[in-house]
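Per-chain residue numbering starts at 1, and chain names A, B, C and D are given in the order in which the chains are listed.
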């Protein structure tokens, strides 16, 4: 077996989309964020993922965000573009636009809202791939899609050249590991974990890279973590992971009594980036809400503990 | 208490969207379907609901379908338009277009894909309503949205003039009944059940109307059923309901081993309408599949049993 | 087709198990409760159901409770005994004891805790039936068992003489209705709904009887409701159902912030019966908790509204 | 901080319960199995867990199985006893018997079947602990219990001396890791993972031990794996884990079309042990079924691949 050369690997943060207070894409902040991430040493950028508020932005704003990321990246690292839509033809529309805007790959979930059979999930990926020439990563995020992609589904699609990688945000580490083992025979397949508090463990298990929402806030930490793993320094990796896991608790700053998971995650990442001076505003899209002053202080305190303020 | 005058009541089928074999909206078939429904005596039309493949159609096709329904209805019955989108600003975009195209009301779900708190679901409806002047019906369809709207949420939104009715496809008849009881004090609130096999029971419980997917196929039956209920002929109602429940088994024609709920429902309704000569093709959007010849024969047999062929 | 003669029909409350403050079965209170129910006109008694705290009582207390109910009923109405156990051999043990203690039928759920396939659920009922001579009602309570019995499963078991009826606490009224229709050909099959806020609707749909937890508290109301339905007085039935539905809100007295569904239901029923003077104590088994004084006042207020204090 | 000395650590297989063809505990086979495990170097035995068919055995058979394990272990390794019952008083009964039979600790789940609030789950563990003197491990197995124990719940109970460890079969590795980190301050707390295909990763994350169902079949492999982890030989650990993960596919031998998770797991482990000559019969309790001859051949083939036949 020839050595694996995954097309996408390393640290690939799902770039958040900074907004102005009136809800438009804040291009200047987004450019600064991209610069911040690339300078920290990330290996790619994933625009318009769940952290990028893809499900919250109008199509015009989605396009604007992707355009800015591609331009700011300027070919230094590849840009993956989320095409988060309910069903096949809608995904294809977004994917074709992503291609025109310069994305290097598309990231596609199973259908949602629609009630589909696994056979139809399989068809979905095949029809999208045949309509769009770009590399395609399957995005497994059952907390949003309410369908789990199985290892068998992904490996079968990979065998047929339909999917070129997996972005796993399922929390099912054993399932991810089955994909990793099964994909060992596909030279370019990219097995990326979105499980930002398990990177050391998933790297031990053979992941090619990581797509950490928290990587927006502390890209240097994830770059260190990835390198420690890649060099087999597992004790260092665990220590860095533990530090990042503590930092990850910024997602608990917004009260679970008034904020859903999207607000708690994206809202906290944006708040932290505003506090760090990378973006101008912590604004989020309705029906999410911005963090309160008190919640912002909690985020600030954790950033300080982590030495990031 | 003044007598109730719900704004929307009676039989309001969720109109399916006929397609040409290459996936475009088949305007001629859709016009015939609207005529077929209105002649059967329905009281309104719900375009771009789940049965209307809203989640499967591109925006251009959604617009086309709504435009045809409004034009064909020609003001004889009100047209409700589904605005099925993941979050608030995306719903508002669709709702504004629906208004321009002549819809009499919009039908809106809780956010989906996004992970939101009930407080955020509440905010979602309020922001949409304040941005759009039209009557707004909340669409409770947890099988697709994966969030259940509670009776308390809906009644609170109704009390504040945010929602003007409920289209309940939750299967939670007790919850629907709580809305019905609580909404008795809102003169114009429309409590519509989508539970097409429980219409007699839900009418006994005080529903104002019904939105039956199967009503595309047998509108005359649902009109008879609604009238029997309205006139207190409960034995007649039950008999008609039982007949329609048997007919509803056309949704079991497509094999559960290869077809999801969307295919089994919408695919069967379209197949039945093609067999009845109302629409030209039974085509559905990917990743759904059309019924096979054998499955079509099962639909035909049930239509014959029901005296509809 | 010969006229149906369901073996068990009418109002069959799931009898709660009164306890002394130290957790033993309070036989005197239980005798008074049985007398209260029979004098109100109920048609049967279901001991050791979910409302009877079957899952909370030790085997010795289960036996004691059933023994008291059978003795107090004294043959005036049939006694059904819940055999709530994880798997087949454990159910059989309980069922054999129930038979010895004089139960007229056993009520059995699908396996729980165990992870079983529908084929194994089917086998479960068959093995239990073949080991125990008594009539067997399937108890469909997915909120506790986390498996839904399908209409097809139940009708197949009924056709083979394995189950003699259904106690449906699934909230899936459409599924219940399918059983009712399908069971029309089984002369003695008993279709009992546990959906205490939908009795009128379920009777319209063809139910044979009702097993209302709230029937412990207001058996007279459920007897009136059942008779109105049986006599086709549907407006009277709806009015009585609406009154009982309001009363049912006693299950909201215990705070959802500190009490689970079992406490909120059984705790409220016991509190109401203590307030009405039928039982001596409102004690419940750990880890449930008794209602607080303030919560008890809420129950009392609702009883007064309902004219029951 | 003093160095941690977890009371229970290393490899602690959940011992299966061999049965005779007529369903009685096969004491001779169970003795051989205990000997086989201890000779392989395991550090403890967990009797009457899910793999031990606790939910399937009558109380008499449960007692018999525990008695045999304790006697066969003869004090060489500690014996943990599952007390798998629906609610508090029933657990206490089982726990008191376990104590009398010589168990060194009890393993207790949250209540099941009962519908309880997290506050009640907390009370459950506290009441059990105060009634039983033995060390108590919380058993988190949501696939059976349908309640997830949170890290905060467990750590709060640990801080108060109520739980002395965790047996985690939730598949939520991030949650397990939070317990591990939080429990670092409790000198004797035992963090045991049941995630048998993630042992290397969980050891990297700080687990104290592992409770692998598959450890019945290949205890030598798990002992090697544990030692590699303990000695920081992570590449060796991964290789051993990968080998065991492949072997774990024996749980796919029984067809998912006719067998539930319990049958597929326990049935396969017993079949493998019978093939290896450790136990006499692969019999399981109803409603599970024994593996077919063809399925048995699949298990045999995997054992051969793994060098175990």
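We adopt the following convention: a contact is a pair of C-beta atoms (placed from the backbone, for glycine too) under 8 Å apart; a residue touches a chain by one contact, two chains touch by 3 or more.
Heads up on the chains, UniProt names are A, B, C, D = 4-hydroxy-tetrahydrodipicolinate synthase.
Everything quoted here is computed from the prediction, not taken from an experiment.
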item: Given chain A and chain C, the chains that contact each of them; value: B, D
item: From chain D, the most remote chain by mean C-alpha position; value: B
item: Averaged-CA centre spacing for the pair chain C and chain B, given as whole angstrom; value: 35
item: Euclidean distance of C-alpha centroids - chain B vs chain D, Å; value: 49
item: Residue numbers of chain C (touch at least two other chains); value: none
item: Interchain contacts (touch definition) - all pairs; value: A-B, A-D, B-C, C-D
item: Residue numbers on chain D that touch chain C, as the complex places them; value: 23, 55-59, 84, 86-90, 93, 111-117, 119-121, 123-124, 127, 143-146, 256, 258-263, 285-289
item: Chain D - residues contacting chain A, complex; value: 171-174, 177-178, 181, 195, 197-198, 200-202, 204-206, 232, 234-235, 238, 242, 245
